[in-house]
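Just dropping this structure here.
In order of appearance the chains are A, B, C and D, and numbering begins at 1 in each one.
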Amino acid sequence: MFSLESGSGFWNPVLWVLALFILFLLFYGIRGFGKSTYKKGTEQTKVFLSGNKETSPEEMHVKASNLYWGFTTSMKSLYSLLRKMHTGNTSDYILWFVVVLAVVFLIMGVM
Amino acid sequence: MIEYIPYIGVVAMILIGLYPILFRRNLIKIVIGISIIESGVNLFLIILGYRDGGVAPIFTSLPPGTTYPEEMVLPVPQALTLTSIVIGVAVLALMLSLVMHIYRKYGTLDVQKIRRLKE
Amino acid sequence: MNISALSEVAVRVIVGSLGLAAFGIFFGLMLKGIDRKLSAHMQGRIGPPLRQPFRDVAKLFVKENIVPDQAIPWVFNLIPLVGLIGTISILIYLPLGGFPPLFSTAGDLIVVLYLLIIPSLCLVIGGFSSGSPYAIVGAQREMATMIAYEFPLAILIVSIAWNLLQKGMTQVFSFSTIVATPVWNQVSGPLGFIGFAILLVVLLLVTPAELSKIPFDAAEAETEIAGGLLVEYSGRNLAMFYLTDGVKTVVMASLIVAVFFPYNLSTLLGLGTYDGMVIDVVFFLFKVFLVILFSVTLIRVAIARLKIDQIVYTYWVPLTLVSLVGLILVMWDGVIMNFFSSA
Amino acid sequence: MTFLETLLAHSPALVIATPLLSAFLVPLVGRISPRIRDIFALVMLGVTGCFIGLLASDVLSHGSRVYVFGAKNLSVPLVRILFEVDSMGMFMAIITVMLAGIAVIYSWSFLQKQDGLDKYYTLLLLVTTSALGMELTGDIFNFFVFLEISCIASCALIAFWVEEGEALEAAFKYIVVSSIGALFVLFAIGLLYAQYNALNIATLAHLLQFSFLDKIILVLLLVSLGMKAGLAPMHMWIPDSYGRTPPSIVLLIMSATLASFYGILRVIFTMYGNVLTTPLRFSLPAHLIIGWILIALAIVSILIGVIMALIQTDLLRLIAYAAVAEIGYMFLAIGTSIAALGTTYATVALQGGVLHILNDAIDIGLLFLVAGAIYFVAKKRSLDDISGLARNMKYTTVFFIIGLLAVAGMPPLNGFTSKFLIYESVYQVNPILSIIALLGSILLLAVFIKVFYAAFLGPELPELKDVKEAPRSMLLAMGFLAALAVCIGLFPNIFLDALVKPAATALLDHAQYINMVVGGL
């Protein structure tokens, strides 16, 4: 029931969600035993910056374009290639169409 | 040989139309290129319906003595071409109005410079 | 489906998930303790007692649960819990201790591969939601690490299934098939054996990244970004992440055991039902311990931390190429053997 | 004949006629009151939806139908247009009308302060009409006409924010690309007519020989429609046009794009269905070559889509690249099912691909709507300028999380169900295909986690301190898609059995499609 079968495997979302729900109830209860209070409005709730001074939100904000630095740096050559490909020039869009058309023609023509 | 010339013309027109689209920088020339491709395709459709010595495929005004349907040109390609021409006019008008507005905003018609959207 | 079958399923879900939660947490924390003790001995220290992780959790529960001003409270508090239950839920698909999985026809290898994303994903979202620059830097590193190791991991899982398919199996992604036909029995010749050995090594190298252990722990990097994505977590929320880490260790080790070492002693020794079960469970725990010893403890004692771009490079270039070589060897295995046998 | 039976008998025509007529009634109704006009557009789409539902229930239970415009019995054949409605066409029509309805609901608030809305609703209904026409027609030239209508209407819609130069640029690029694509389609249609003297898809399929000219036709149709569907490396217009229009319009362009994708399915599976197994050189069957060409382009689409999405900062543009990757998944699935035609996993792959059409429409649509809500409240495009919206926009955040998990294919949402079927079938052709598909999904997850952080988490910026939750009609539109994503995710087999399997069967059963027409009406 409610199971998705592909011939190579299966996936039953309902059972999983059921198990998740039971586990949620259990651990929500266990979590309730923990201490829930803290001292609001004190130094405690400031972010930890190794003793550096906290600055305004704009300056502390890590911008989206800086995310995944590690990935983009190690894939630098791939990205420069892709950037070169996306010229934004209308003629190039059609050029790609013609190129794909020619390549597929060649393959089908040889075959 | 002579009957192949229209087909050669069709291919030539499509290639000639592609040239300004691919290699010319002026937007108007690109629009003209598209227009030429369209004429090429329309020409192709018309050739398909051509019949040597045929008459217009209108039942009510056939010249006396025509054998039906052998002496009529094919009506379907003509209908296709008409539709295609009408669509072509609409596309052409839309493109030209876009070019006009782009010129107002960008101050240029150079396709190399009209690429604020890239990557 | 009638009522009795339905209620049976319900009982299995409830009892099973509670039992697996207890199992996962207990052995996860035990493995953590063993790991710490062993690595301390390797470094010439005495190290904490084995029950230290249990004490840590107990201590965290009585500590204050601080929510920083910059955090988004509902995400910040919810995510550790989701991470923990998501991780425990993977156990219901895995064969543990010689027993078949709790639900052997409800999820397969691809599902487990996807569910394995959940703990890391929750760490990432938790880090992002805490509003600290350290945590954000750590979280994006964790995400980059995740992208990095998923490539070799996907190669590995698909090539195992593909090999089983070539040997005429059906339901090749299901754990019951994988456990019933261990990969080492499914090779036609030395090429396949070498291929799978390469893939095993790759999987052992993916494990420390999956578990955020040195040398792939740039996301936490205590000495550099002060604990990274966990820097703002404290009290019971941190305890949840701590437990997640423990359960994740069990999950990853059981996955490796299920895929590469699904052998049992009871059939070999010809033992009876109950003593056979005991032996199997003990043997299973021993295998899990060995996997953790080789892929976590030894590596983290021996090697220093890598930079994040080095991590991505390591996984996407050398390790991916190596695992592709493994895949190609596995693919050629049957072909070449057939060629020789026909020639 | 009762009234209902009459309606049912003419519903294929009414499905097209209702939105077409109401498109031109909208400006008149707009004269009375803008509010009535807004509701009128939705009601007319609802009526169209009712016709589609009526037709779909009939097609699913009694098999395909043929509807004739023009003479039923004529001494000169072929001077008529046929609509041939099967389960696949109905599946696409349901998606189209759903997207259009959601777009209307969403634009009630989103475009409230804009002018020119009379024309907006007219064009919206025209795009819907053209997409529905492409999906129901049984005539290849008719298909081209609807393709051109969708091209013109979508182009005008893309230029909706006409004050921005970028919108004009996007519209110009779109019309150049799609009119050239359409002209090549027309050229192929001319070639078909020259050879077989027919324009009806079923008749053509019956007559097709797979001569050299037929190969050229196939390539022309495949590549031109592929460009309209956004297949890499001809995908570059997608980020441009999706990224510069109001998100409600993106849903419509997306339905036009999916209709082009449907065109490819129709061409390969039905029109060339009889000749797919023709052996070519080296005794390789034709379907293997076609399938591998599609698979290769699909892999390129997935990789380029996700890798480029990872570095985007403009939110709408980022989602557009993700849409390219999703299109890649569909092509991967159908490419596999063509390359491995006849095997059981080919059917599974096709089912996965067909289900992915629906899932792509839901997931990418939902994400675009969320992005639109962010733009609506924050008036900013770049992810660098927004932050911390989860504090004030709780519902939108929840909808975004659902969209994020769905598009990345995380269980238990709908994206996982179709991707699950795709992973577990394409690896049988070659393991590397599944690996790249898995990798694409994890990269998509990374892409949208970045958006989640940048837009919703993160510190609160002073200028965004008092943003409000999005208006109610936008929340309704997003909520509907999100609920659908959860439903399909939790009960995939219900949707699979009810809609997807009949559609996949209809695609594979080209003989039945042909016999409906060729066997005589």
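In the analysis below, a contact is a pair of C-beta atoms (placed from the backbone, for glycine too) under 8 Å apart; a residue touches a chain by one contact, two chains touch by 3 or more.
Note that the structure is a prediction, hence the values are computed from the model and not measured.
> Using mean Cα positions as chain centres, tell me which chain lies farthest from chain C.
B
> Rounded to a whole Å, what is the gap between the Cα centroids of chain C and chain D?
From the centre of chain C to the centre of chain D is 38 Å.
> Determine the centre-to-centre distance between chain B and chain D, using the mean Cα coordinates as centres, and give it in whole Å.
28
> Using Cα averages as centroids, what's the distance between chain A and chain B in whole Å?
Here the centre of chain B sits 46 Å away from the centre of chain A.
> Just how far, in Å, is the C-alpha centre of chain D from the one of chain A?
24
> Could you list which residues of chain D touch at least two other chains?
172-173, 176, 180, 240, 308, 311, 388, 411, 416, 420, 424, 427-428, 446, 450, 453, 458-460
> I need the residues of chain A touching at least two other chains; which ones are they?
Expected reply: 3, 7-9, 11, 16, 57, 60, 62, 67-68, 71, 75, 86, 88, 90, 94.
> Give me the residue numbers in chain B that touch at least two other chains, ranges are fine.
Within chain B, the residues that touch at least two other chains are 21, 30, 114-117, 119.
> Testing understanding: with touching defined as stated, what is the shape of the graph linking the protein chains, line, ring, star, complete or other?
Per interface graph, the chains form some other shape.
> So which chains actually touch one another? I want all the pairs, not just one.
The set of touching chain pairs is A-B, A-C, A-D, B-D, C-D.
> Could you pull out which chain D residues touch chain A in their complex?
For this pair, the touching residues of chain D are 172-173, 176-177, 180-181, 184, 215-216, 218-220, 222-224, 226-227, 233-234, 236-237, 240, 280-282, 284, 286, 289, 293, 297, 304, 307-308, 310-311, 313, 344-345, 348, 352, 382-384, 387-388, 411-412, 416-417, 420-421, 424-425, 427-428, 446, 450-451, 453-454, 458-462, 489-493, 496.
> In their shared complex, at which residues does chain D touch chain B?
Going through chain D, the ones touching chain B are 76, 78-79, 141, 145, 148, 151-152, 155-156, 159, 162, 164-166, 168-173, 175-176, 179-180, 183, 186-187, 189-190, 193-194, 199, 239-240, 243-244, 308, 311-312.
> Please give the residue numbers of chain A that touch chain C in the complex, ascending.
My answer: residues 1, 3, 7-12, 15-16, 18-20, 22-24, 26-28, 31, 33-39, 44-50, 57, 60, 62, 67-71, 73-75.
> Can you list the chain D residues touching chain C in their complex?
Result: residues 388, 390-391, 394, 409-411, 416, 420, 423-424, 427-428, 431-432, 434-435, 438-439, 442-443, 445-446, 449-450, 452-453, 456-460 of chain D touch chain C.
> Which residues of chain B touch chain A in their complex?
18, 21-25, 30, 111-112, 114-119
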